[in-house]
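Input: a single structure, listed below in structure tokens.
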Amino acid sequence: MDTLNSKEQQEFQKVVEQKQMKDFMRLYSNLVERCFSDCVNDFTSSKLSNKELSCVQKCSEKFLKHSERVGQRFQEQNAAMAQNLGR
Amino acid sequence: MSFLGFGGGQPQLSSTQKIQAAEAELDLITDMFNKLVDNCHQKCINKQYNEGGLDKTESNCLDRCVAKYFETNVKVGENMQQFGQGFQPGRQ
Amino acid sequence: MDTLNSKEQQEFQKVVEQKQMKDFMRLYSNLVERCFSDCVNDFTSSKLSNKELSCVQKCSEKFLKHSERVGQRFQEQNAAMAQNLGR
Amino acid sequence: MSFLGFGGGQPQLSSTQKIQAAEAELDLITDMFNKLVDNCHQKCINKQYNEGGLDKTESNCLDRCVAKYFETNVKVGENMQQFGQGFQPGRQ
Amino acid sequence: MDTLNSKEQQEFQKVVEQKQMKDFMRLYSNLVERCFSDCVNDFTSSKLSNKELSCVQKCSEKFLKHSERVGQRFQEQNAAMAQNLGR
Amino acid sequence: MSFLGFGGGQPQLSSTQKIQAAEAELDLITDMFNKLVDNCHQKCINKQYNEGGLDKTESNCLDRCVAKYFETNVKVGENMQQFGQGFQPGRQ
């Protein structure tokens, strides 16, 4: 982004902030979808069973840890790639 | 229309920011509704398509599917608050 | 949305209307995709067979009824949730 | 570029609204094209990837797949008009 | 689009150009996802094997040819449909 | 933040165009990150959910999955340049 001047960077920053809120919401709703899809399969009742509740909890904990680890590796790879490009 | 308490009185926000927050909330709800439609279709609807109506089994399944999706939504929200403190999903 | 003043509500209303058109289009193209994917599997001809046509018709009728029922339950759950939050 | 008859002379629309309608139509077509690419890839393409070219079977399948997708698109549009009168997909 | 006047068409053109960049990026990232998903299944190493490399290359070549052919048929069908509507 | 060399000194661009290009690049990276999360979840994570933590096998798999995804990204980019000269994906 080093070719944006400071006024352009300020404007871009606003775009980034707006997107971060959307990213967080997408993370949240993807997490609900994934754990519902993987954990909830009994529709003879309209309440989550204890087994389903425990699965949802582990699923979301695991997904957040997963996402954090992938994020760390992503940043490392990204940094390595930027360096290879001579920046 | 208020899953996560957005719009709940934040006096420091400008008009534009308040509308953007309302828009983000609307997007979240629309997105949740679309995912609900997809997931409950997958869990409850017979793909043979022998008839165009919903039979009793499908209808009952759908009602419970929506209820369980909402309960999952609440639980995941609680888990995110518990585990997700200071969580940074890959962009700094 | 009760914390938006009336001018803000007007502006938000415009955003909502624009999104409704997009929502309808997404519904339409998702329906095409779903019924094509579930009903059309013979590619020895370039015309839909009677069996495929009948399947597409029932698939789209069923999806619209499905979507309507899920929508009703969604609104009920949403209203119940809003009440629980003391609004 | 006119599946649903948008842009077909609605004199009461402002410039902004006409451009938004044209944009919505473009988005619909792009979205349909992307879904077409995905669906016909899934139906017709051999995932072994023994070679980079399309063989005769794949090419024929693709041509028919596109024709059938368009026909499905028209049929679904007709069904939506028939069943979808006053249909409200979950948001009021 | 024949009901947009020339000033409206100019403005619409800007929208189209912005979308084309996004379309290209989506094509690119979908291609990566598809070929990764279909070709890469061994995670005992952090380098692509020769077999995986060859698969990724054929997968992306095939996808581009696929996408081009579907695009040609799409335009033909679109033109035929516009003619049927009497335009 | 520069996969494809956007933002790399194009003096003829206006401020708005430069910001749009930066935004498009950010969207590409976000999109890639999201796809990476999904794909590596599918390839590496045990869906039994017997525990909430990542075990050793899952962690190792994830690290390699990210590395291979990046390598695939580079290879596909090279292939697109080679085969995709003058490529027109369906819209003129």
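When the chains are written out, they are named A, B, C, D, E and F in that same order, and each has its own residue count from 1.
Everything below uses one rule, namely that a contact is a pair of C-beta atoms (placed from the backbone, for glycine too) under 8 Å apart; a residue touches a chain by one contact, two chains touch by 3 or more.
The shown structure was predicted, so the numbers you read here are calculated from the model rather than taken from an experiment.
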Most distant chain from chain E, judged by the mean position of its C-alpha atoms: B
Interface copy of E-F among B-C, A-F or C-D, judged by whether over half of the contact pairs recur: C-D
Mean-CA-position distance for chain F and chain C (Å): 30
Geometric centre distance via CA averages, chain E-chain D, whole Å: 14
In chain A, residues with contacts to at least two other chains: 23, 26, 39, 57, 61, 65, 67, 70-71, 74
Residues within chain F bordering two or more other chains: 27, 29-30, 33, 37, 63, 65, 67, 89-91
Chain B partner contacts - residues on chain A that touch it in the complex: 18, 20-29, 31-33, 35-37, 39-41, 43-48, 52-53, 56-57, 60-61, 64-65, 67-68, 70-72, 74-75
Contact footprint of chain C on chain B as seen in their complex: 1-3, 5, 7-9, 15, 18-19, 22-23, 26-27, 29-30, 33-34, 36-37, 40-41, 45, 47, 49-54, 58-59, 62-63, 65-67, 70
Of all residues in chain C, those that touch chain B in their complex: 1-4, 7-8, 11-12, 15-16, 19, 23, 26, 34, 38-39, 55, 57-59, 61-63, 65-67, 69-71, 73-74, 77-78, 81-82, 85, 87
Complex contacts: residues of chain B adjacent to chain A: 20-21, 24, 27-28, 31-32, 35, 39, 42-44, 60-61, 63-65, 67-69, 71-73, 75-77, 79-80, 83-84, 87-92
